Structure formats: C-alpha cells, structure tokens
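Each of the next two complexes has chain A plus one more chain, namely chain B in the first and chain C in the second.
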Partner chain A sequence: MVHKVLAEQVAGGMNTTAIRIRESGIERRARFRGLAEPLSLLAALVVLIGVFSLFNERFLTASNLQNVLTQSAIPLIVAVGATLVILLGSIDLSVEGVMGATGMTWILLSANSRGGADLGPWAWVIALGVALVLGVASGLIFTALKVPSFIVTLGMWYIGLGIATMLYGTDLLPRLEDEALSGWTSRITLGLPNSFWVALLVIGLGILVLRSTRIGRVTLAIGNSETIVRSAGLPAFRVKVAVFAIAAVLSGLGGILATVQLDIGSPTVGSGVLFIVIPAVVIGGTHLGGGKGGILRTVLGVFLLTILNNGLILSGVESSYQSAVTGVILVAAIVFAAWSQRDRLRVAK
Partner chain B sequence: MTKTDNETTKIAVPTRRRLQAVKRIGGWHAIGPIVIFLVILLVVAILTPAFIGSGGLAIIASSSAPILLLALGQAMVLNVGSIDLSNAAIGLLGAILLALTLGPVAGLSPLIVLLATTAFGAVNGLILAYAQVPSFALTLGTLGIFQAAALVASNRTTVYVASNGESVRSLYESGIANVPMTFWMGVLLAVALWALLRYTRIGRGMTAIGKNESAAIFSAVRTRSLKVLAFALSGFAAGLAGIAIIAQAGSASPTGLGSDLLLPAIAAALIGGTSISGGVVNPLTVIFGALTVALVPIATTAVGIEAQAQSLVYGAVIIAVVALTMSRNKSSIVK
Partner chain C sequence: MTTTPAVLHLDAVSKSFGSNHAVRGVSLSIRSGEVIGLIGENGAGKSTLLKILSGNYRHDEGTIAVNGREVQFRGPADALRAGIGVVHQEQSLFTNLTVAENIEVNTPIGRGGINRLGLYNWRRLYADAAKALDLIGSHLNPRTRVSDLSFVDRQMVEIARAIRVSASSDTTPLVILDEPTAILERTETEILEREISKLRNIGSVIFVSHRLDEVMRICDRVVVMRDGELIADRRVDDVTEDELFRLMVGRETHAAVQSRRSIEPASSPVISIHDITKAGAYADVSINAYPGRILAILGTSGSGRESVARAIFGAESFDSGSISIAGYSGRHLSIKKAVALGVGYVPAERKTEGMVGEMPADQNIALTHPGSAVIGPFELPRRRLALARMWFEKLDIRPREPEHMLQDFSGGNQQKVVLAKWLNSSQLKALVLDHPLRGLDPGAGETVKAQIRSVCDDGTAVILIPDTIEEALDIADDIVVMRDGRISGVYDLGHDNPATLDLLERML
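Then we have the complex of A and B:
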C-alpha cells in the first residue's frame, strides 16, 4: 500500500518534470516560431530577387530598384495604418474611398487646370482634415454604435468615393499645374525616391507609436483581449477611435501622393490598393484576429508583393496573372503560418 | 386606484402580446429588412408615383437577381461565422465559362458551370476547414486567383454567347407577374435554404457553428464538412448568379455586368438581417436585403439627389440599416 502511494508520488513527480520539459520545449519552439516567419519572408525576398535577376538583367539595375521603391511607397504608407487597425482585431476597408476623397480635395485646392483657389500648404491640411473626419466618423460609429468595423468601413468606402465623385462633378478632369510638385514622388533625393522617404518617415513614426506610446500598447492589448483592457480601466474607446483616425489620415496621405504621381485628380485614384495592403499585412504575419504582429513585418509583406509584380512583368509574364500570383502567395502564406497550430478543437474564423 | 391599475394592464397586455408576436417570428432583425424596404419603397412611390405604376417593381426585382443569388450564398457562409470574398469572382468566372461553352456543348453547359462553381466553392471550404486559416484572408487570396482566371479565360475581352443562347436568355425574358425567372430562381433558392436551415440537422448544425463553434465541436456537430458544404453552397449560388448574368446580358466580360457585385451582395446579406459574426440568418429576409440594395440607387434619383452622390447615399444607407437592425447587448465586444 505504502509502496503504491510512493510509486504514484514518484510517477507524479516524473509527470510534472515531463510536463515542465515539454513546456520549455514549447516555449523554445514558440520563440523560434516568432522569428521563423520574418526570417522565411526575408529568405523568400532574397530568393525572389536572385531568380528575377537571372531572368532579366534589367531587374537588378539601380533605376529599376528605385522604381520598385516608388511603387511600394504608397502601399507602405497605407499599410502602416491598416496594420494598426488589424492589430485591434478590426479591419479597415475604406482606404480606397478615403484616398479618393482626400486626393480630390487636395488637387482642387492646389494649382490645377480647373483654376480655383490655390491654397498651397493649406490644401494639404484641409485634405488631410477630410481624411481625419472620415476616420473619426468610422471610429465613432464603430465604437459608440457597435457596428462591426467591416460594415462601417465598407460604408465609409462608398461615402469616400461619393465625396470624391461629387467633388469631381461633371467638369473637365483637373490636371496638376505645379512645376515643383508634378513628378515629385518619383524624383530621387540621396539615392531614394521622395515618396519612399515619406514612407520611411511614416514607418518610423508607426513603429514609435506602436512600441512606446499608450495608444500603441493599448492597441495590442485590445487585440489580445478587450475584456481585460476594459476591466483594467484602460481607454479602449478612445484608442479605437484614434487608431481609425490615424489609419484614415495615412490613407489620405497615400491618396495625395497617388494624385501627385498620377498628375491628375481621379475619384478612383486608390483603386487596387486594398488588394495589395491587406494581403501584405496578412503575409507579413499580423493576425487578423488582432494582438499579434507588427509594422516591420507588414513592410516585408509589401516588398514581397511589389517585387513579385515588378519582377514578373520584367520576366515577360502577362499582367492578367498578377492578381493570381498575389492570391497564391497569400493562401500559401496563411496555410504555412497556420499549419503547425492545426488542432481539431481550434476555431479559425 | 384599481381603475388605474386596470388601465395600465389594458395598455400593457396588448403591447406585450405584440412584442411576443415579434419575438415569435424572429425579433426585430427578422422584420427589420422588410420594413426598411417598404419604407424606402413608400418614399419612392410618393415622390414618383409614375415609377411604381409603370412596372418599376419588376425593374427592381430583375436588376436585383444576381445580387440576390450571390447574397444567399454569402449569407450561408456568414452563418457559419466565415466570409466568402471570392463568390462574386466565382460567379463572373461562371458566366464567362457559360458564354464559352454554351456554343459547343449546349444544354450540358449550365450543368458544367454549376458543377465547376460548386467545386470552386468547395475548394475554398476544404482549405479553410483542414488548414484552419481565416476565411477573410483565404477568400481574398482565392478572389485574386479567380479574377485572374476570368481574365485569362476571356482573354480580357467580352465573350459573347456564340449559339444556343435562347434557352438561357428565356430565363430573363420570360417570367411570372412581369418579373423575370432569374429573380424567381433566387426566391426558390431562398426558400430551399430557409427549409434547410429550419428543418434539417445539417442546417441546424451550420447555425450552431456560427453561434459557438467550440460548443458545436463538443456536441459532435461535423463542423468541418458543414463548413465545406456552406462554401460549396456559396459556389453553387454564384454559378446561378453567373447564369443570371448571361440571361440578362447575353455576354460576359471581366469588367462588364457582374464584375462589381461582391460588395453589393455582402451589403444585401447584411441588410437582410444576416449577422456578420455568424449564427443569425434568414434567407427569406435576404430577398428584401437584395431588393433594398437594388432600390437604393433608384430611390436616390427619385428623391432628387444628383447621380454623383449615389455612392455616398449607398454607403450611409448600409451603415444606417445595419446599425438599426443589428442585435447587440451592452457588454458584447464588436470587432
């Protein structure tokens, strides 16, 4: 009898040891897994660059790389905001609408072929103000009326497009008439295109906000568990509105830069950006459920998609296949990320 | 004293009874979509009586047919707590395939298209259920793939039906009560899906997944196969939408009729009372969701709002209608 109890105790002790060993193993693997995704993305980027430079010698020239950076600048700026929203566990579908509304407001208040007022720098302030209003409206409807962010921002997409179409009206299309500004985005300063410098600034600020401000920390916490955030008395409501406002202002900035790049004002200036930005965020490894991920990962995601599209075109692949390539990479990335965590009882929405 | 008591009970009883009656047919979000449609219709009828008189309702119904079919598929997927962003692209690919094959294989063509689109939907479901990936990202990816497939299959141009188009066209040209068969096809599908959800183990299981997936797994609901089925149904409905597009236009192109139905169809499902987080759906009210979505552009013109403002009104209506009809409680967390 005594022996049996002793034996059980020993076995129990061994069990806890076994569990501890297993736990530390899981922890080690989790730490590795945290690094594995960005590292595999970097590896994929290097492989891609290698393969494309074999297919076409023009790929690795300085001018093409500057081209890639110009192409990635606007998606990068918009994606910083989208990452913050997705870290909340929400989604922002309104980017293309906000880009259209902001871009149209900006060009109509700048020197353009339709005439009208040229407000110079105030055009930027007013246009970004329009974006801010749209973002705050999304945030308030989302938090105060508890309408899911998917629907609010879907509606705001249409509202933004509507504002842009109304501003556009039935007049001739407004062309940018500012010598200093037209072509500014792709002009090179210190080896990098101007728009990419703006993107770098936005990325830097985004990382700073996420790592070292209350808004950033609470954003991550809301993504992990909003119930805990609320019971800890943290300002979930205000932070959510702020994040939607930041995202909209960044979309607006992207809209202005896209208008400068296009040289004309168009309500659909942002078309196609959403289909780069959200896949890029997800490929980067930010969870759609919120709480996990980061801005640098998103940057890798944007680069992966831009380099792929640029390289494929240079390799002579028809542009019809472009969206399929983005799609296949997106599906492969999420399957790769989720494969090790598969479990019969796991719930993935 | 007793008199006032009697009076209050007299007033209270009918209201309570009325509330119970509302509850019995499924609460505010069940009748909300119908009320909203009727209110907007009433406004249009008062402002432009000629429109309703001259068969305007038939026009609304016929233009809502592809949206309705896609919205029904979307509603089934939303009901299991997922979302299908690829269904409109599947529908358009179906339309292009139908236009390409109607000449060579004639009567078999719609069957082939429906089989293909159902299979596309099922593939979505299989990857979702077995790789356990989020549906939003997965179907965003497959959306890109189906879009590219449509571009390649059509060679970036409009594909016209070469021959044998009459049978498909008759779906649009013939009808009951001046409303084309394509719309009645949607109504029929809605009734079938309603019966599936209401009376069968399969349908009940789907709703259970949407309400609480963990609980459904522990209750031995076959969650994986039911999710695959929901996505397959979405593909099937998208195939029907493709047929409706060909019936209406006689041709299909990657940028033509039906190329931007994804968001209107999602809006129709949501306005139709479907919960975006799953577990709440009624295919019969989705019919009114689709009718509302088709009515809004007509209503904005009737009210005298300029054409440029249409998408603004559209966006505001989506937000307002969902905000009005959504069931919510104070402590719930909305993402």
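Then we have the complex of A and C:
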C-alpha cells in the first residue's frame, strides 16, 4: 500500500515534468503559428508587387502607389468595422446600403447642385447619425430577436439602398459644390492621400478598441463562446449592438468619403465594396467563426486585393476577364487561409 | 461550533422545472475555511443547486444568505459580487485569449488593470493575474494563450479566476468546483487535489465529484443529494466510502466485482494492427483484439493511446503499417469504411463528437444503424421510438423519455444513448471506447460497465481507453501499456496478474 502511494507520487512528479517539457514545445510552435500566417501574407504581397512591377513599369511609381492608397482607403475604413463584426462570429452585409444612405443624406445636406440647406459640419453629424441608426437597428434585431446577422444585415442593405433611392428621387444627380471638398480624398498631404490619413486614423482607433477596451475584449470572448460570456456575467448584449453600430458608422464614413471622391451623390456609391471587404478580412486570417484574427491582418488583406485589382488593370487584363480572375484568386486564397482552421474531423460549416 | 456567521447559508431552497422538482428544500451551512464535498448521482439535483448559487437559475422558494445577509441573485454577475466563484464542469475559459485575461475577465472598470476610461493597462493586468496564480501556487505564464494549455493547467486558471473574482468582494471567497477532476488523467488529478486542499487557507470550497475516494481525501464534510433532496451531511471522519456510496445510490453496496471467465482468444482477431506508425504520436504499434474479449490500452496523456484508438476507427490517419478489420485491410481507412465493417466508437469528446444534442434521443440512437426504423430512404418514427424505448429500458436510461432532446439528459444518460447508437447495429464486430466512464457517477458507471461486458460476451471485440488502472484491471481481459508512443507491456489477464505498480512503471 505504502509502496503504491509512493510510486504514484513519484509518478505524479515525473509526469508533470514530461507534460511541462511537451507544453513548452507546444507553446513555441503556437507562437510560430501565430506569426507564420501574417508573414506569409506579407510575402504574398511582396511577390504580387514584384510580379506586377515586372509586367508594367508604371506600377511601381509614386503616383500609382498613391493611387493604390486612395483606392484602398475606403475599403480599409469599412473593413475595420467588418473585422470587429466577424470577430463576434457574425457578419455585416449591409455595408453598401449603409454607404448609399449615408452618402446621399450627407450630400443633400451639404452644398450641392440641387440647392437646399448647406448644414456644413452638421451634415456629417446627421449623415453618420443615419448610419448609427441603421447599425443599432441591425444590432438590436440580431441580438434581441436572435435573427442570424446574415439575414438581418442582408435586409438592412436593401433598407439602406431604399432610403438612398428615396432621397435621390427623380431629380438630377446632386453634384458636390464645395470647392474645398471636391477632390479632397485624393489630394496629397505629407506624401499620402487625405482619405488614406483618415483610414490610418480609423485603423489606429480600431486597434485601440480591440486591444484595450472592454468592447474589444468582450468581442473576442463572444467569438470564442457566447455561452461563457453570458455565464461570466459580461455584457454580451450591449457589446454586440455596439459592434454593429461601430461597423455601420464606419461604413457611413466610407460612404461620405466615396461620395466626395465621386463628386456626385449616388445610391450605389458603395457598389463593389462588400466584395473587397469580406474577402479581405478572411484572407487576412480572421476566422469567420469569430474569436481569432485582428485588424492589422485585415489591412494586409485589403492591400493584397487592391494591389491585385490595380495591377490587373495596369497589366492590361481585359476588364471582361477581370472579375473572373479576381474571383479565382480570391477562392484560392481563402482555401489556403482556411486550410489550417479545419478541425480534426475536417468538418467545415 | 463557531459563532461567526456562515459564509453561505441556504434555508429550504427549492427549484422546479414544470413538474420536475430538481431541488427540494435544501438547507446547508458553510463556514469559512471549510471544504465541503457535494456528491450525488447524475440527475440528483447537484447541477441545479450549483446553478442557483452561481446566479444562472433563480430559486423558487427558500432563502440564501451570504455572511448573514440575505441575497437575491438576478444573474451570474450578482453571485460574483457576493464572492461566489464557480468552476463549471464544462471548461469555461476563452481559449483564444491569454491566461491573464481569463483570470481578470470580470475586473470592473476603474479597478485593477482597467482604468476609469475603460482602457486596459496590460502590464497591470498581467501582474494582477500573476498574483492570483501565485495565491493558488501556480506558476503559469499569464501571457500564455489558454488553447496552448493542458487540461490541468486550464483548471488551475479557472480556479484562479474564481478566487480572483470572489476575492475582489469584501467577503471570504467561496469557490465552487463542479467535478473539476472528471476529465483529467489520474496523475493530473493528484496535482489538482493538492491545490484544492490549499484553498481552505483562502476561503471556503464546495467540491462536487463522483469519485468518492477523492472526496474523502480532500473534504472536511460531505453532503449527499438524492432526488433533489439533501439526505445526509457527515464529517469525513465519521463516514466510510461504502456508506457514502449507499447513501448516494440508495443501493446496498458497490456492485460485487464480477469474476471474469475470460474466453480464450479465438483463432483469428477481429482487429489486427500491425506496426502502425504516426510521426509525432506513436510508432510500431501492434495490437490484436479478439472477439469476446476486452482489451484495455493504458498510458499517460502523451502515450498516443487515444490516437491509436482513433486510427482504428478511421478518424485519424497514420503514416505506415496496417490495420485489418474483419478481414479487410487497407492503408486508407475512413470512418465510413470502419462503420461499414462493424466498428463502433464512443469518443471522449461526447458533446462534440458523440452526439447531436439538439436532436431527440431516439433519433440519436437510430442515427448510424437505424435497423428496423427505416425502410429504404423513409424513416418510421413510431418504430424508431419503440426501438429507443427498448434501449432506454435495457440500459436504464433516465428519464424514460426518448423524444426529449439529448442535450437535456444528464451526462451519464447521454453516454448510454451514445452506446446504444452502436449497440443497435446488427453486425457490430468491434467497439472502441475512449474514456467511456469519464464524468459518470458510480451508479451510471456500473450500468455502462455491465453493458460493455454483456456486449463483449455476445462476441464483440472491445478496445477500451480506461480512465484508471483500476478500471482496466476490473474489466479487461487483455492490457496493453503504452509509453511515449510505443508499447511497453502486454498482459493477458487470464494468465498474468500484473500489480498496479508494474503497470504504472511501464506507463512512465
């Protein structure tokens, strides 16, 4: 008996050491895995830039790079919000609708060719307020009524588009008549386009929210397990609504900037943005199931897609082929990104 | 008797769901520094009682007082504030976050590592978490991600969190541990037991477990629940393990260990594994499983025994060697093929791999081998229900309501349903059981064990990954011991009589 107890104690000690040694190995490998993904993305970006600059000498010029940054600015702003939503394990498809509604509201309240009131900065506040209302509505319906975010935001896309179309009415296009704002987005300040500066600010704030605030941390926790969040007494409800609100406001900001860039108000100002944003988040390595990922990775994803798009145009790929080519590359990239995320029975949902 | 008010005092607390009285008039008092064992069979009302204490359920009647003050918990946050931290049976850590964040998850804004603006001060957060870990004697790195931790370390993190949460209130913390050792290997359990014993220096503990020996070792007092009522409250010095067992199940004593009349190995094995190797998991493993015999594979958590078991079922691939099942042999075994050949598998991860919780129990039973419950592509619900009733009766699955969602059954009864799913096959040749008794109470464990024996006697080969050496010695005909991915010992219990110590030595 004494014998047995003794042996088990010795066994316990030995086993613990064995476990510890194995664990430090696992830890090292885990850290490597965490780094390997963004690094491979960065490598892909470098390769892509290399290939395009071989094909076309105009690609690696300052003006084209500034062009790429301008192009990427709006998707970047929207993608920060989309990353937060996807980290929850949800999805926001309303992006383009919210962009349209916000853009139209903003231009009709600013100096434009249709006349009307020029509210100046209040136009921004009211327009972003519209985005906020749409976002809170999505968030509340999703959270309180427990409707899948996919469906709620799909509906909200069309509601936004509907609001924009109503505002648009049957009149002539509202053209922006503000000297200072016309072309502001692509104007260069300190070597970078203005809209890109805005994107940098949003990215910075996004990272701060995700890394260092309760909203950000609970978002990651919900993505891991909402059941645990609730049983830990954390504010799951409020955080979910807040994240949808943040995402919609960022979409709205994107909508206003897109309107400035276009110089005219259009309900379809956000057309095509969703197709860059969601794949960019996924290619960046943020899990669609939630809980894992980050904003910097999404930034890499957006760059990858914008450069791909820009490079294909410059390399003279016929526009009729372009969407097919982009689609193929997207699917391939996502298969690659999702490979490591399969579970041990290789179940995908 | 001390005069200080009890840390926690329950007076005639009741809770019912519809007509089911889950908890009936439970009164209980816990003083500071006491470790209380709470035992009872699955479905005895332990979980419900714990959920009331953790604020997840609201009780219908009775009063709960913390430090002499009556409390009403409206949610988990209230219970935390009152100083009650719970380590749930299911792991409740965010695996994607660091150890520190999991421990500090309930830190209110303006305290600890979170400033008044709600911004996190990570350095402070890591330091606080390290302090909480230190308090329970753990030296985990707070910056490690939880997904990279072993189970025993995860339990330590859970305990640290429970302590941290309750220590932030002004009362003595009360930590509730709901079967913290159920999913651990034996050696890991001992580490945890040692840590739990230390907790009495910090606060009080309610320790829920199925393992009576463990309760006797750790606790000062044991309370027993049966059918929703608290039927006994004893000091461990005044009670024996057998007495507790009797109180718990309401039966006389442990079911007598049946003496096995081992069937001599038949001429040909049902499953023959020849020199299979998987890089990083196991190497050169050869095992033969014969009809009518139970083969137990022993080993520690790094031995690779689980991987071998999963390979037999086609759930994991291997690099070289061969597995032949009932005459079929091929390198590329899939689950589909294994099932078609008559292999059944009861996984350790019951909730995620063994059952469909959101499906009624009867449909779960008829999932893989529907037998008479289908004709061609058509399902026959009435026959399926009859089939399920038969299994419910045979395996004593309670409550006898096969049309209820499987997730609403208790763990032991879920396990029986999973077993029934495979037993329903008319051509079951081999059954692979990965920790089949994990998390089951002794009563349910006995039934499952008896069922495994009877399946085996019907000529099925059973390959078992047991929780303990005792379980293997109790039930198996053959024992294979694995160490670091290689076989380190083979015993035929018909001829050999290995001591626990021998087996242990070969495991380590």
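The working rule: the second predicted complex is superposed on the first by the 311 of 349 C-alpha atoms of A that agree within 3 Å, B and C clash if a C-alpha of one lies under 4 Å from a C-alpha of the other, contacts with A are read in each partner's own complex, and residues count from 1 in each chain.
Keep this in mind: contacts are C-beta pairs under 8 Å (C-beta built on N, C-alpha and C of every residue); 3 or more make two chains touch, one makes a residue touch a chain.
Keep in mind it's a predicted model, so treat the numbers as computed, not measured.
A.B. asks: Is A:291 touching anything from chain B or chain C once the two structures are fitted on A? First, second, both or neither.
C.D. replies: Second partner only.
A.B. asks: Please work out whether A:81 is in contact with chain B alone, chain C alone, both, or neither, and reply first, second, both or neither.
C.D. replies: Neither partner.
A.B. asks: Going by the contact rule set out at the top, does A:228 touch chain B (first), chain C (second), both, or neither?
C.D. replies: second
A.B. asks: Quick check for you: in the superposed arrangement, does A:193 touch first (chain B), second (chain C), both or neither?
C.D. replies: In the superposed model, A:193 contacts neither chain B nor chain C.
A.B. asks: Looking at A:220, would you say it contacts chain B, chain C, both, or neither? Reply first, second, both or neither.
C.D. replies: second
A.B. asks: After superposition on the shared chain, which partner residues are touched by A:335: those of chain B (first), chain C (second), both, or neither?
C.D. replies: Touch status of A:335: first partner only.
A.B. asks: Would you check which partner chain A:212 touches, where first means chain B only, second means chain C only, and both and neither mean what they say?
C.D. replies: After superposing on A, A:212 lies in contact with chain C but is clear of chain B.
A.B. asks: State whether A:254 touches chain B only (first), chain C only (second), both chains, or neither.
C.D. replies: It touches nothing on chain B or chain C.
A.B. asks: Please name the chain, chain B or chain C, that touches the greater number of residues in chain A.
C.D. replies: Of chain B and chain C, B contacts more residues of chain A.
A.B. asks: I'd like to check the shared interface: which positions of chain A are touched by both chain B and chain C across the two complexes?
C.D. replies: On chain A, the residues that contact chain B in one structure and chain C in the other are 344-345.
A.B. asks: Chain A touches which residues of chain C in the complex?
C.D. replies: Going through chain C, the ones touching chain A are 54-56, 75-80, 88, 92-97, 101, 105-106, 109, 114, 118-120, 122, 144-145, 147-150, 152-153, 186-188, 190-191, 300-302, 315-316, 335, 353, 500-501, 504-505, 507-508.
A.B. asks: Would you mind writing out the residues of chain B in touch with chain A in their complex?
C.D. replies: The touching residues are 81-83, 127-128, 130-138, 140-145, 147-149, 151-152, 156, 213-214, 217, 263, 266-267, 270, 276-278, 306, 308-319, 322-323, 326, 328, 332-335.
A.B. asks: Once bound in the complex, which stretches of chain A touch chain B?
C.D. replies: Answer in residue numbers: 88-91, 97, 141-142, 145-152, 154-163, 165-166, 168-170, 226-227, 275, 278-279, 282, 288-290, 318, 320-331, 334-335, 338-339, 341-349.
A.B. asks: Which of the residues in chain A come into contact with chain C in the complex?
C.D. replies: It is residues 3-4, 7-9, 11-12, 14-16, 18-19, 22-23, 26-27, 30, 208, 211-214, 217, 220-221, 223-225, 228, 230-234, 291-292, 344-345 of chain A that touch chain C.
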